[in-house]
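Here the chain labels run A, B, C and D in written order, and each chain numbers its own residues starting at 1.
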Amino acid sequence: MTAPSGLPASLSAMYQELILQHYRAPHGRGVPAAPGVRVGARKNPLCGDAISVGVLLDGDRIAEVGFDGQGCSIATASASMLTEAVRGRSVAEVKAMATAVEAMLRGEAVEGLEGDLRALAGVARYPQRVGCARMAWLALGDALEG
Amino acid sequence: MTAPSGLPASLSAMYQELILQHYRAPHGRGVPAAPGVRVGARKNPLCGDAISVGVLLDGDRIAEVGFDGQGCSIATASASMLTEAVRGRSVAEVKAMATAVEAMLRGEAVEGLEGDLRALAGVARYPQRVGCARMAWLALGDALEG
Amino acid sequence: MTATPVLDALGADSSLASLAPRADFPLLAAQPALHYLDSAATSQKPQVVLDALTNFYTTANANPHRGAYALAAAATDAYAGARETVARFLGAKDADTLVFTRGTTEAMNLVANAWGAAHVREGDEIVITALEHHANFVPWQQLAKRTGAHLRIVELTADQRIDLDHLAALLTPRTRVVAITHVSNAVGSITPVAEVVRLVRETSPAIIVLDGAQGAPHLPVAFDTLGVDFYAFSGHKLLGPMGIGGVLGTRARWLECQPWQFGGDMIEWVNDHDSTWNVLPHRFEAGTPNAADAVGLAAAVRYLEALDMRAVREHELALLRSAHEKLAGLDGLTIYGPPPEQRSGVLSFTLADVHPHDLATILDQHGVCIRAGHHCAQPLMRRLGTSATARASFYVYSDASDVDALVHALVEAQRIFASVAD
Amino acid sequence: MTATPVLDALGADSSLASLAPRADFPLLAAQPALHYLDSAATSQKPQVVLDALTNFYTTANANPHRGAYALAAAATDAYAGARETVARFLGAKDADTLVFTRGTTEAMNLVANAWGAAHVREGDEIVITALEHHANFVPWQQLAKRTGAHLRIVELTADQRIDLDHLAALLTPRTRVVAITHVSNAVGSITPVAEVVRLVRETSPAIIVLDGAQGAPHLPVAFDTLGVDFYAFSGHKLLGPMGIGGVLGTRARWLECQPWQFGGDMIEWVNDHDSTWNVLPHRFEAGTPNAADAVGLAAAVRYLEALDMRAVREHELALLRSAHEKLAGLDGLTIYGPPPEQRSGVLSFTLADVHPHDLATILDQHGVCIRAGHHCAQPLMRRLGTSATARASFYVYSDASDVDALVHALVEAQRIFASVAD
């Protein structure tokens, strides 16, 4: 996980190579089309971006997940990481994960988050961008509620 | 025409004895009730005062004139003086007089105004009170137009 | 100006110092001989408020909510922080239920349109009182006219308090709105809010709208426990800048409201032929917000919090008692309103033979600023049978010397008008 | 930050000085490394404006129109004087036809309600354009929805100018309102007002409402010769304080309007069940006016008058040309809007592979403040097929160094995003 050089440390903490890779080549593109898929969507009225997340549950587990929409690098990478992180998990696990992500985005030190998701920690330094990272998680929440 | 003592010169110029006498015992109280009387009315929304002036024309002359309403000393004295000044005059003379009074209230030096009316000159120093002195003259104007 | 023997005879209480140092208020500090007794119209501003304005414009000036750069974030934070501060001052936990407006007038028009127009139907009833400022009278009168609802006006007791029996008699299951002033600007009467709330809740589903233009500056206000639905106020009357004020509402009532003004910030999504709306409080704040003046207002309420609103009330009551006693001793003077304990720091009066407008001019020559007129309360004036009263009103910077100057100047005015034989 | 070789290669014109000294603007003076390129959102304030605010509050603070004492007269005069000054600046002889509002948004809601609601009927037509800011879009959309009128949207040319042929095709004798932006905030297009006026007057009785939020700050405006019915603007975009703006109207059109907000100052006489209204402009200014910010606005327009609005336009055009040329040289960069001559100092663009929101954050790290988003013009964004653009906008204090910093930071942003292999 290296950062582009010649940038302020906080900026390179946000624009890590990992995030840019997810942005360039997002995972989980496309809301699954199967019957029973639940979709949640969030818009950011300020920048005009929108992300929707679709999940297919198998009992208590997330069998399928994917996202659609337009977003900046942070919004897109967050959605992409989300799909990787939640696939195969139980709803309870995912809710705990969402809570941990939210805390991380508020700048708190969190335990238990694994893998690529941790790369979003740098966003906390940019309050105006936290909303971007949060969008997919809120959309997922809507999908699980609805 | 003496002024109450112990006051700023400009204030005693406004509150001349003559003005206070007209306020205490106004002339021309009561809009004439005869058929053919024309009435004009003006309100001052800021202080809640209102003055109406009624005139009865005999050809081109003002045969009868009177006023009604509530007003401060300046408004009342101005109305009282008005009735004295216009009674028996031609409409053209009265219009010229109204123009002269308006100029005097704006602080201009005017010729040709006679009698008590000149006592209103002191009001020019108090822009917030000019509207009080003007009310009866505007009401008279409305009556002559209407 | 030296105290006259008349004054001493009246027993001037020169011990009543101002609650806030006059030196904190640049306008008053620059004019030591000025006796500003028109705070019910607008208040003077402490230096901290002017500093807050300057500070916003020199360190955080950007369009809030709309920028992704640090300066815009500073503006957004300053504006959101102001909302938190002002909501806390008025005892509202949920800051998002505070909608900023230009002042009380815009706030009342907002409630009358956003809630009123959506819920008031022909044959419904709207209850206001004869004590209301035009800002809490005309919007409801015109809403009634537009919708075909009936406007009911609660009459007053002999000392210009709201007649609670009449209020009770007017309330019905068709009453949709009860809009009442918290404190009368014209005569100072304080509304017994708990009584009103009890009466209304007993008999009708009406919303209760309080006009807090004179409440918020002069009394401690705890919105969350008042039990009313909306509470409107103006910043300029509580040491804040002009151009800012607001209205608190319960979340439930806000959610029953339709947007009233349309434009930037208040939308979620604009399609060609319809739109969806942003969340509270933005839904009711169309366009670039007045962030600078909101920040100035926040500085004002922090200043008042430091003084303590209970102390503000005590201070005004002490001045009012002293002024009341002294004025009552003048010949031909009539004071309106209930006893000082049931009044805020407003002293409304007439003097036999001297029109209020003349009084104001003469008092001005003595450096005493009072208001003369109908105080935007023509319905009340009609009921008092006068076109105008003179009104002196106190605030945190007022002291005994202001009261003394008032009494002194009134005696002078009487002397001028008495100097002419009938 | 040092200029990179890339920049030199692009031919930076370092000779373009700012029109107004940066030292006049305390925020900019305090942050020499800040490149504020978001003036279309809100402008920075010169010291004279802050001084005017402070001066009002420390020498003339009272409630205008309502007091009979000298301080209130000073406030009234200051407010009336501000109206004269601002009306003159916008080329209106009759100052009483200028109604102060909080800004353009409130102004448009005022016109839509005060004139629109009284004159637009079911089956009538309202014409707006796809270029409009939400403030000049949603009020008309909702008026159409409420009244059953048809909303017609003028589409754009390929370079985001109003398609005059389409406008002509939409106009009919049933057209009651044509509401168009003078200058687009999103892409900068300048409306050929004379053409529009000619087309409208030829075929319909419609009123013409111009959204001058981006016109008044950047172009000379002569309301009396424009031939339109209403012209709205915001003070905060033309060096003035937040919380103040206004709308000019012809006297004839104002007299066709119904009052919209009700309260103090706008009434003549309040009876229990109906009221009569004060004269222009007060009829449309309910409540305590924002006199302080009006005085601040007057100071701002005097500052602009001293610069000369023709010079302001020339200055922005020079910056725009230079920036346009430099940006056009960057790989993957798309600029929206017509050629610089037909644009105000707004540069709206996208960069392939870098989302505008990311651009704004990266540019901010270089001290370059730009706006990223839909610019309160979602209908336009839909037509552009994008959710957001990046926008840099210039004003009197902008200079060549701002342009250079922009280009430099864009190159950096490209580098960051290119650093990751696909």
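Here, a contact is a pair of C-beta atoms (placed from the backbone, for glycine too) under 8 Å apart; a residue touches a chain by one contact, two chains touch by 3 or more.
This one's a predicted model, so the numbers in the text were calculated from it and none came from an experiment.
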More C-beta contacts across A-D or across B-D? A-D
As a quick test, compute the distance in whole Å between the mean CA positions of subunit B and subunit C. 37
Between subunit B and subunit D, what's the gap in Å when you average each chain's C-alpha atoms? 48
Can you work out the whole-Å distance between the CA centroids of subunit C and subunit D? 33
For subunit D, which residues are shared contacts with two or more other chains? 66-69, 72, 267, 269, 357, 361, 372-373, 378
Of all residues in subunit A, the ones touching two or more other chains: 46-47, 128-129
What pattern do the touching chains form: line, ring, star, complete or other? other
Chain pairs in mutual contact under the definition given at the outset: A-C, A-D, B-C, B-D, C-D
Which subunit B residues qualify as touching subunit D in the complex? 43, 45-47, 127-129
In the complex, subunit C touches subunit B at residues 353-358, 361-362, 365, 372-374, 378, 381, 387-388, 412, 415-417, 419-420, 422
State the interface residues of subunit D toward subunit C in the complex, per the touch definition above. 26-27, 30, 34, 36, 38, 41-42, 44-45, 49-50, 53-54, 57-59, 61-63, 66-72, 102-106, 108-109, 133-135, 137-139, 141-142, 144-145, 151, 153, 234, 236, 241-244, 260-265, 267, 269-275, 286-293, 357, 360-361, 363-364, 368-373, 376, 378-379
Report the residues of subunit A in contact with subunit D in the complex, numbered from low to high. 4, 6-8, 11, 14-15, 17, 20-21, 24-25, 46-50, 70-76, 126, 128-129, 132
Subunit B partner contacts - residues on subunit D that touch it in the complex: 65-69, 72-73, 76, 267-269, 278
